[in-house]
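Next come the structures, one after another.
The two complexes that follow have chain A in common; it is paired with chain B in the first and with chain C in the second.
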Partner chain A sequence: MTVLPTPDASGRRVIIDPITRIEGHLRIEINVDDRNVIRNAVSVGTMWRGLENILKDRDPRDAWAFAQRVCGVCTGIHALASLRSVEDALAIKIPENANLIRNIMTLTLYAQDHLVHFYHLHALDWVDVVSALRADPAATSTLAQSISSWPKSSPGYFKDIQARIAKFVGSGQLGPFRNGYWGHPGYKLPAEANLMAVAHYLEALEFQREMVKIHTVFGGKNPHPHWVVGGVPSAINVHNTGAVGAINMERLNLVVEIARRTQEFITQVYVPDLLTIASFYKDWVQWGGGLSSMNLMSYGEFPGRANDTSNDNMGMPRGAIIGGDLSRIHEVDLKDPSHIQEFVDHSWYKYPDEGKGLHPFDGITECDFRLGPAGKIDKDFLTQVDETAKYSYVKAPRFKGEAMEVGPLARLVIGYAAGRADIRQLVDGALKKLDVPLSALFSTLGRTAARGLEAQWAADRLVTTVNDLIANIRNGDINTCATEKWEPSSWPATAKGAGYCEAPRGALGHWVVIKDGRIANYQCVVPTTWNASPRDAKGKIGTYEAALMGTPMADPSRPLEVLRTIHSFDPCLACATHLYGPDGEPIVDVKVV
Partner chain B sequence: MSILTRSKRVITTAEVMESRGINRREFLGFCSMMAVMLGLGPEGSGKIAQAMEVKPRVPVLWLHGLECTCCSESFIRSSHPQASDVILSMISLDYDDTLMAAAGDQAEAIVDEIIRDYKGNYILAVEGNVPLAHDGWNCIVGGRPFKSRLQETARHAKAIIAWGTCAAFGCVQAARPNPTQATPISQLVEHVPVINVPGCPPIAEVMTGILTYMLTFDRLPDLDRQRRPKMFYGQRIHDKCYRRAHFDAGQFVESWDDEGARQGYCLYKLGCRGPTTYNACSTIGWNDGVSFPIKSGAPCMGCSEEGFWDRGPFYERLQGMQQFGIESNADMVGKAAAVGIGAAVGAHMAVSVAKKALQGRKDNASDEGNPS
Partner chain C sequence: MTTLILGVGNLLWADEGVGPRLIELLRQRGRTGDAELVDGGTQGLYLLPLLTSAEQVVLLDAVDLGRAPGDIVVLEGEGISSLGQGRPLSLHQSSLHDLLAAAALIGQTPARLGLIGIQIADTSTWGAGLTPNVEAALPKAAVMVEQWVG
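On to the complex of A and B.
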């Protein structure tokens, strides 16, 4: 078991703001020692939107639409968490088809979101675009064909791509590649691997828009498909007149085809690229581990049968690992007030009783933007935060008092520890190919690899789940929505519900309190709240902060190493900082202490 | 005044496309597809081709305020043109914190460089809005309140595109009680034209279509009084809805997953906002035209309309609604003049149903049916 080092803020302070290639706004402050090793790390969420307060007094059947706007990147998953919280509160049972279609939506999201993260948000941390200009297209072709049967791999194809980059770079207008860290000593890929990766950056950008058409079929659009409490909005009609106005054979065929192509792209492009790139960066199994070898958590996802939340019904199991003991998986209960609590000692919010955590059913969030003694604002420029005081718009959630890592790595490790054969096979296969031990997973590289392996798992399961849907329809079940409890007159006067999800980025919970047909309180604790968490009442550091500790930097003014580790979590700050209190307290003035 | 910048270091869009292996025939095919999409007729194709061949790439700064990034996600879903073609061949996306390689100081330096080198000649694209509460400290980028960043970049921009309902009208952050005082871009900018492209998010091909239009014709699109491009926001979803015939025939989905839902009947009674929403969903469709909410059985929420979040519950039909702010014509907006449009829509339905009863058969879809 790893013991985390104590933060030491004596060295030189380096500030990275904005962290780009993420969703939302994040700032990282670090202190490096005289050998440029990170000895202190401070994760600062720098936006706050107030959605929970906006949800108050709304119709619970509308909540999914508001909650979905927490995030447009992991689009749909907040809607699903919201639906589940309302259905839990009102004891609504959804039809099997609705469960299958919701699983199809989420599996599609996993595959698409992981793919976009790898190529468009994370790859430039490992791939030197400019170096691709020096590649030999024939050798690139040989490399590509040695790792995959993907057909776009001829020398001519890579030569065209290279010419395109050359002309682009030669134009002097570098667009999104402007001021990148090209030539940084941290880049280790041979020129040919760089060229292959750039080609696939472009192919993935084209293909991701195909994948989301599955959302469009069932939800009408992407981003932000439509949903409904009690099931899914799209009715099924495969036999009769009027089928053209519903989910019919043509629509199902479209979904089958996209699922097949998704599986093909991830199997033949994403995973081979991932393993090839990883093989050149094996030194990154030493860094970025943070809490991953200690505390991991998953709420479980992909219920096989509808309305059954038992752990053996979950495609990805629920549970928590504490202190690195993989032999014991702790039960996680979203409704147990002792399990999940949020602290605000170091967050720009205040509690009546600071130092005490609150369960989300009782959650409050009153804005309190002020800096500690070492924090500075110079006119309208935030020079530095003070981590001994409040310093982030992200709260500090804790499971039984512990900071946790959530996300694909947590899910795979918990699945592995639970003995799930499909997950063990996937993980063991990759470890064998890379010739690294299981402990290599607990690192920046392991986190990035886990996401790619999970994309493979999701794409495979997408294909089978689409088949399951067709089989269920063939068996005569075409129901898609339960409407017995649609009317508020059928609801109890007060009700409480918790909606679990595993979002692409990790454990996601929504908690709703319904009173007289309206929302009395609404709280979300989202994956990036866990991962981007600041310190807590006991001074325990957050997950990003822990992961950065001890990393050596080649040149702190060009912070490529920080980007690698932070990006390995796939940050989503709009998710993490959506919060606002239930009572709509007036906003206090800025205080600079 | 040209919205494009001239510099000897830049090359034309057509040259970049050619260098990407896009041959002449494909290039012209692309131009005619864009011309059709923009409603320009056959002669439009030549204009687009010419523009692409002689004009350099325009620098674009794409800022993010309070938002959820659904607009960026939508943008990269564009099928014609593809997002990679826009980013690599049509514009120079020099700053976009979601996609750019640089971070921290290296990213921030680009903003200063673009303002210095392209003063008055870059496009500012804004996704999200500006929180004014707390002196603006609810959204900090590069160590500064987002409102400061917007002020300095807007001042020297040639034009501003306000992507999505957040930037155009405030969207979900500005819904009651608007805890951060989230404020639309057009309320904070003077002397620089603002183009509102609402939708949560906007349709991908509408986003790229508007950008391409500006590059092609070197002018801003014609806007309505809410600053929306008329070419895409001039008609209601209801007017062009393929389920309109069922509305006219009085055939409605009464509850989720009923026989009407399985027949693809009109969703008006489930709260569909199509009759009061100006957008292109029922014509262009979503994600390469695969579907749009109504086609997938979900009532339109009116996500491109100002203040739509506070017009719930979403599943109450329009005639039960109060305080509708949109008149029959997008150019006749006036909050004072908002006289119970819901009731008017109800009357429109009643007329349609009565017609059906009188004629004893389905009306065809040619009924223009303005609700007011």
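On to the complex of A and C.
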């Protein structure tokens, strides 16, 4: 087990605001020593999120619709966590078909989110687009054919792609390629690998358009599919009579086809690209590990049978690892008040008794914006935070008092430690190809690799889950929703429930307290709250903060290394927006003070 | 010609929700013919399938150009991306810009693309509705959308 170094804020301060290519708004402040190694890191969520207060006094059956608006991107998974919290509170049992369809929706989200994250939010940290313009298309073709049987790999194809990018950049449009640190010495890929990755960047843009059709089949519409407490809102009608929009064999066959193509794209494009890129960046197994070699947590996801949350029934197991001891998986109980608590000693919120954590059932979301003595504001603009005081709108959640890393790496390591054969095979295969030990996982590169491997796992399971659904329907079960407890008159006067989810980005919990048919309290602890957490009452640093410690930077004014590590977590603070003034503030501001 | 009217923004955040609110109003008025009306929320790149699904697309969004709250701006084609280059145009500047660029990169920019933006006043109050001037601008904005697609 590694021990985290103590933050040292004596060196030069570098402020990066905002971190680009993430959903939402995140600010990172670091101190570097005289050799430009990061010795202190501070993660600052700069926008307030008050979903909890909006939901008070509403009908719990409507909570999912508000919950899916809290985040612009992860809509479905918030809806699902909300439904599960209400179903848990009211002891509602959902039908098997509803469980299978919810799993299909979530598996599709995993595959799509991981794909989009890798190519469109993270790849440009490793792939130099400008260098791709200098690549030899014939050599690129040779490279592509050596790593995959994907058919789009001819010299002519890569030449066309190169011309398209050159034209795009030449026309003055930079779009997603602006704010890149092109030419930074940290870019190590040969020009041909850069061109191959850029080609697949474009193919992934095209392909992800197909994947969302699955959500439309089961959720009725996209981008905000319908959900319902007690099951899923889709009717099944395999004989092609009855309600318009019902799920029939034609639509199920469409889902089978998209699932198959998703599996193909991830197997033949995403994973080979990932392993090829990783092979040029093996030095990144040294950095960015942070808490991953110590504290990891997962709530478990993909129940095989409906209404059974026992760990054996979970496709991805539940559990926590503390202190790097992979031989012991701690049970995680969302309803045990000693397990999960949120602290606000360093967050811009107010508790009656600060220093004490609150379990989400008793959670309070009351804003309290105050800066410490070293904090500075210049006209409404936050110049610098003071991490010895309150400094973030993100609360500090802790599991048994420990900061935790959540996300694909946490899930795979917990699955690996639990001895799951499917996960072991996937992870061991990749480690062998890259010729690195298991400990390599605990790094920025390991985190990025884990996401790709999990996309593979999700695509494989998507195919089998769709088949399970079809088999269940063929057996005569067309039930999709339990309605016995729909009417509030059937509910107890008070009830409490916790909704677990593993979102693509990590552990997501919604907690609801229902009184007299209305929501009395509602709290969400989202994956990015765990990972972007500030310090806590005991001064323990958060997950991003820990991951940045010790990383050497080539040039602090072009903080590519910080982006690599922060992006490896796939941050999502999309519940936030950021307002720019009419004169146009700089889109990214890196200040070295 | 297939038409998509796409409102973007966060319904839970005061004037930020003006795009989706305008979609609701247009739906009630029922004067946009065969055009598809979609509340796109704040999904950024995930809206690409929608954006590239129609021959003409008009985006409805909150903008902050320092005008009087409720002022309406109509931009078309190049005007949208060029304004965005110099200074951020809307609250979703980066994601909307990336979305349009992504469509251009895969060669599927809609044949006709417009943006109808409404100058906002308040985007910081969680759970609040639209501010009065922005609310009052909705019917006028709806007529402009109907004319644009008409």
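Quick notes on this one:
What we mean here is this: the second predicted complex is superposed on the first by the 566 of 593 C-alpha atoms of A that agree within 3 Å, B and C clash if a C-alpha of one lies under 4 Å from a C-alpha of the other, contacts with A are read in each partner's own complex, and residues count from 1 in each chain.
Keep in mind that, in the parts below, contacts are C-beta pairs under 8 Å (C-beta built on N, C-alpha and C of every residue); 3 or more make two chains touch, one makes a residue touch a chain.
Because the structure is a prediction, the values reported are computed rather than measured.
Once the two complexes are overlaid on the shared chain, A:Arg164 sits against chain B and chain C alike.
Look at A:Thr483: by the touch rule set out above, it reaches chain B but stays clear of chain C.
By the touch criterion defined above, A:Ser10 lies against neither chain B nor chain C after alignment on the C-alpha atoms of chain A.
In the superposition on chain A, A:Asn475 contacts neither chain B nor chain C. The partner that reaches more residues of chain A, of the two candidates chain B and chain C, is B.
Contacts of A:Arg558 after superposition on the shared chain: chain B is touched, whereas chain C is not. Once chain A of one complex is fitted onto chain A of the other, the partner contacts of A:Ser327 are absent, as it touches neither chain B nor chain C.
Residues 20, 23, 48-51, 53-54, 66, 69-70, 72-73, 75, 116, 120, 164, 168, 172-176, 202, 205-206, 208-209, 212, 222-224, 574, 580, 584, 587 of chain A lie at the contact with chain B in one complex and at the contact with chain C in the other. Put simply, chain C touches chain A in their complex at residues 10-13, 16, 38-50, 52, 64-66, 81, 85-88, 91-94, 97-98, 100-102, 104-107, 123-124, 126-127. Of all residues in chain A, only 15-25, 27, 46-51, 53-54, 58-59, 61-62, 65-66, 69-73, 75, 116, 120-121, 124, 129, 160, 163-164, 166-168, 170-181, 202, 205-206, 208-209, 212-213, 215-228, 230-231, 233-237, 240-246, 254, 367, 369, 380-383, 393, 478-481, 483, 486, 557-559, 563, 574, 580, 584, 587-590 touch chain B in the complex they form. On the side of chain B, the complex with chain A involves touching residues 9-11, 15-16, 19-21, 57, 59, 64, 66-74, 76-79, 82-84, 87-88, 91-94, 96-110, 131, 133-145, 148, 171-173, 175-182, 200-201, 204, 243, 255-257, 261-265, 281, 286-288, 290-299, 301, 303, 309, 312-315.
Residue ranges of chain A in contact with chain C, taken from their complex: 20, 23, 48-51, 53-54, 66, 69-70, 72-73, 75, 116, 120, 164-165, 168, 172-176, 202, 205-206, 208-209, 212, 222-224, 574, 577-585, 587.
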